[in-house]
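One chain, chain A, appears in both complexes that follow, with chain B as partner in the first and chain C in the second.
Up next, the complex of A and B:
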């Protein structure tokens, strides 16, 4: 019961954020890029959250920032989960030499420190926001594909897979029509958590000053407020809103993720609900 | 049989290390833009000789294949190259910074593992109670908020408003006259340690709790209870040991990740450790220093994995020798 409620709450918040992201041009009172007012204005009637060091409306930028965060999370998760599911399924289904090779390769890939590598690539290649999300996805699939592999490995020993194979079905067909639907719940759960992870990482990159400068994102807003003295001047309306937004969004995503995980894992569910 | 297994694991670890550093070497050398370009953007056009000299000094004018073999040769002879920025051996800077990183990493890793395992075991055993559910929700909350945001909030509250801790750095300005005082360093280290601990507890707690949930349902727990054992003994002697098994991999992974995870924390707290060094090296495109940092991270991850493999050998006799873990 409780889990269903948290799931609903999480989904509602996510939908609200998506609506804000899609309709941001309609919701913002000012052009977020335009310099409209004296810099460092306090919150007032015209500017709900005041203006930043360049004189841009903070509230409008906050609304626009939703887009970047949601997109980074979604695209990053899509890329890494797709690669991970594909590699994991192939490895677990075929077994033998292919599995051995892929497993060893993943072991090696896992020894490369991915986060510093992400920082290096995003500073050397200066990708745009789409590039950053794809990059995060490409760097982050290895651990996930291990989990999928172990699931597929035990799944391919089931009788129904043997019987489908005995009927003459081809391997790609079996993987797509019989293996995939069975691991789909797990894939969805991992997708939700990956999306959360990449959202936080994307905002983190922005915070370190490595984001796409042409995009407005919450990380860069925090960075801007933090380095331009929003902190030391006690201008909480500049520093807090972007951080609280990402925290709020991230909590909503994890509510969805954990409720879903309980739902698909009966052993956990029996204990929890 | 054990010896054969250990040698095999050792061989694989070595191979993984070799391939991994080759990959990072290629990626770092193929990246566009270099240090001299970053330092003086138009130097190459204005004064090509200085640029040439720099490239020659660091051996960057040699063919990439030759550079690769020199690099591999040097790595195994303990020469990890010279940093562009600091003009000292990379190994020296890294070992110096590693010391400072360990000052905040060791306590926080230790604390988060102990607290995480204790809470996970405690509440996993009593799962479904009101207390368990509220702790679970608190943990989900802590985990959902990114580490850098926790750090900023903690600095804002404890450093800025209550003025209990310094806003950053590792020693006070008075150290210039009085020398480094350990209490002073500790005072500066408390907030970073607290933040790192706070952010790593939920992951360990969650895994331990799940592991405990699975263990509670096992037949041997029912048997132990049926024998009439005290609940406390069932937990300590039967459940805990088995539930701890998956934690070993987790803990080694955690150790490896904390080094890179400290990039945010060290940058925010201006803590002079490996994380801040990495961040600055990336900004400055300090090629050899970056290579060295990747090397040390890879090395730590591989050693941690190797130790995990070996410890399973002693802890879990069910693991068949020769099978990949």
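Up next, the complex of A and C:
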């Protein structure tokens, strides 16, 4: 019961954010990039959240920021989970020398701290939003790949895999048709948590001023408020909304992720209910 | 004529604790249309022997000897050539039907898979064939059952599905690994009868520790102990006149023959000592048994035994 409720709440918030992201142009009263008013306006009936230091409408920028955050999380997770699933499956299924090589390679990759590397790379490559999210995905697949490997390793020793091989099936076919459906629940759960992680990371980059300058994201908004005296002037309507949005979105994704996790892990399920 | 001929087949697994000599120098012939029962206790290498014939073991396994099927040594074929033999020429029924079916795929789709891999039928034709196969293994209302998942099947029904999968491509040889284990006695007899019926025109290697089932189905029986064959003879001869002390002990341990266990434990397959492998558990052991490893000798009429009692020449 609890599981269903948390899932429902999470998915509702997530759907709401997605609708906002998709229909941003229809929901915003002003062009978020355009300077339309005197800077640093307090909230009034024309500008619900006032204007920023350049005179742009903060509410419109908040709405547009949803897009960047959601996209970074989604694309980043897609890239990292795809690579991780592929590498982990190949490693676990074939075993032997291939597995040994991949496992050692992952050990090495895992020792590299990801966020600092991401910082350095995004300074050097000055990528756009798509580039940043793909970069995150490329840097982040190793840990996940290890989890998949261990699952596939035990799955490969199951009789039904021997059974399909005894029928004369090719390896790629077995991996796609028999291994993948069995690890899919795990992949979905990990996808959700990866997306959450990358959303927060994207916001973090934005806050440090390393995001895509042509896109509006919540981290960048907070950074903007911070550097332009929003904190000093106590303009909470400038700072709080992006912060709260991040928190809300993150919680929603967590709720969805945890309810999926309960679903695939019977031991957790018993503890919850 | 012999269909499958194993000559000096050895299967060794390198592990951290040493080399596990799971199968040692097995010579075995399966005639066309012949049914050979391979019996022995758990862990004696029966299943490994079956898997090694199909070449389904891990790539780092060391397999030596010859494994000649229809004049071709299977150990020398490329993976792609071997793939064409699996399922189509030689099919395997793996042990434990509970874990031998993919839990997330429909039963019908799993049988269809075997058909489509080798026969290039389209989906519809494959589906018809599936229903036909399910009917052949006597599963009631096969159209409906084809769309169900493995967990909706009972143990006996799953075993029937496994048999249907093995038969799907009309193989010449079937390797059945303990198909009657874990079934209750009435279901077991049904499965035995079914297997007997579907293998009328085929050869079979019937791996089991169920002697009743083996007696019902097989013409010849090979007794395996600690990775090697210790006795090979016609089924009747094995039951009426077992010659090897292990075979005698095995038969005496059956419920209807006194339930008398063989003392001791089967040996570890790492670091097997010289001499007779059964020596530590044997009631007829002599000093020589500890030192000299007996060879397989023929006692006449196709009865072979590996014991120093008979190897005095």
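As a convention for this text, the second predicted complex is superposed on the first by the 273 of 273 C-alpha atoms of A that agree within 3 Å, B and C clash if a C-alpha of one lies under 4 Å from a C-alpha of the other, contacts with A are read in each partner's own complex, and residues count from 1 in each chain.
Keep this in mind: a contact is a pair of C-beta atoms (placed from the backbone, for glycine too) under 8 Å apart; a residue touches a chain by one contact, two chains touch by 3 or more.
Just so you know, these numbers come straight off a predicted model, no measurement behind them.
**Student:** Determine, for the superposed arrangement built on chain A, whether chain B and chain C clash or fit.
**Tutor:** Fit: chain B and chain C sit side by side once superposed on chain A.
**Student:** Quick one: is A:71 in contact with chain B, with chain C, with both, or with neither? Answer first, second, both or neither.
**Tutor:** Neither partner.
**Student:** Considering only touches as defined above, state whether A:136 meets chain B (first), chain C (second), both or neither.
**Tutor:** In the superposition, A:136 touches no partner, neither chain B nor chain C.
**Student:** Tell me which partner A:200 touches in the superposition: chain B (first), chain C (second), both or neither.
**Tutor:** The first partner, chain B, only.
**Student:** Could you say whether A:123 touches chain B, chain C, both of them, or neither, answering first, second, both or neither?
**Tutor:** In the superposed model, A:123 contacts chain B only, not chain C.
**Student:** Please name the chain, chain B or chain C, that touches the greater number of residues in chain A.
**Tutor:** B
**Student:** To the nearest 10 degrees, give me the chain B-chain A-chain C angle using C-alpha centres.
**Tutor:** Between the chain B and chain C centres, as viewed from chain A, the angle is 90 degrees.
**Student:** Could you say whether A:167 touches chain B, chain C, both of them, or neither, answering first, second, both or neither?
**Tutor:** Only chain C is touched by A:167; chain B is not.
**Student:** After lining up the shared chain so the two structures overlap, which partner does A:216 touch, if you call chain B first and chain C second: first, second, both or neither?
**Tutor:** In the superposition, A:216 touches no partner, neither chain B nor chain C.
**Student:** Tell me, in angstrom, the smallest C-alpha to C-alpha distance between chain B and chain C in the overlaid model?
**Tutor:** Between chain B and chain C, the shortest C-alpha distance works out to 8 Å.
**Student:** Do chain B and chain C land on any of the same chain A residues, and which?
**Tutor:** Looking at chain A, the two contact sets are disjoint.
**Student:** Using the touch definition up top, name the residues of chain B that touch chain A in the complex.
**Tutor:** 12, 15-17, 19-20, 23-24, 27-28, 31-33, 127-128, 133, 136, 140-141, 143-146, 148-149, 152-153, 156, 160, 210, 213-214, 216-217, 256, 259-261, 263-264, 267, 278-279, 282-283, 285, 290, 293-294, 297-298, 301-302, 305, 324
**Student:** Which of the residues in chain A end up touching chain C in this complex?
**Tutor:** The touching residues are 94-96, 158-160, 162-170, 177-178, 181-182.
**Student:** Touching residues of chain C toward chain A in the complex: what are they?
**Tutor:** 51, 54, 56, 58-60, 83-88, 91-92, 94-96, 99-105, 113-114, 117-118, 162, 165, 169
**Student:** List the residues on chain A that touch chain B in their complex, please.
**Tutor:** So the residues of chain A in touch with chain B come to 2, 103-104, 107-108, 110-117, 119-121, 123-125, 196, 200, 203-204, 207-208, 222, 226, 231-232, 234, 239, 243, 246-247, 250-251, 253-255, 258, 267-268, 271-273.
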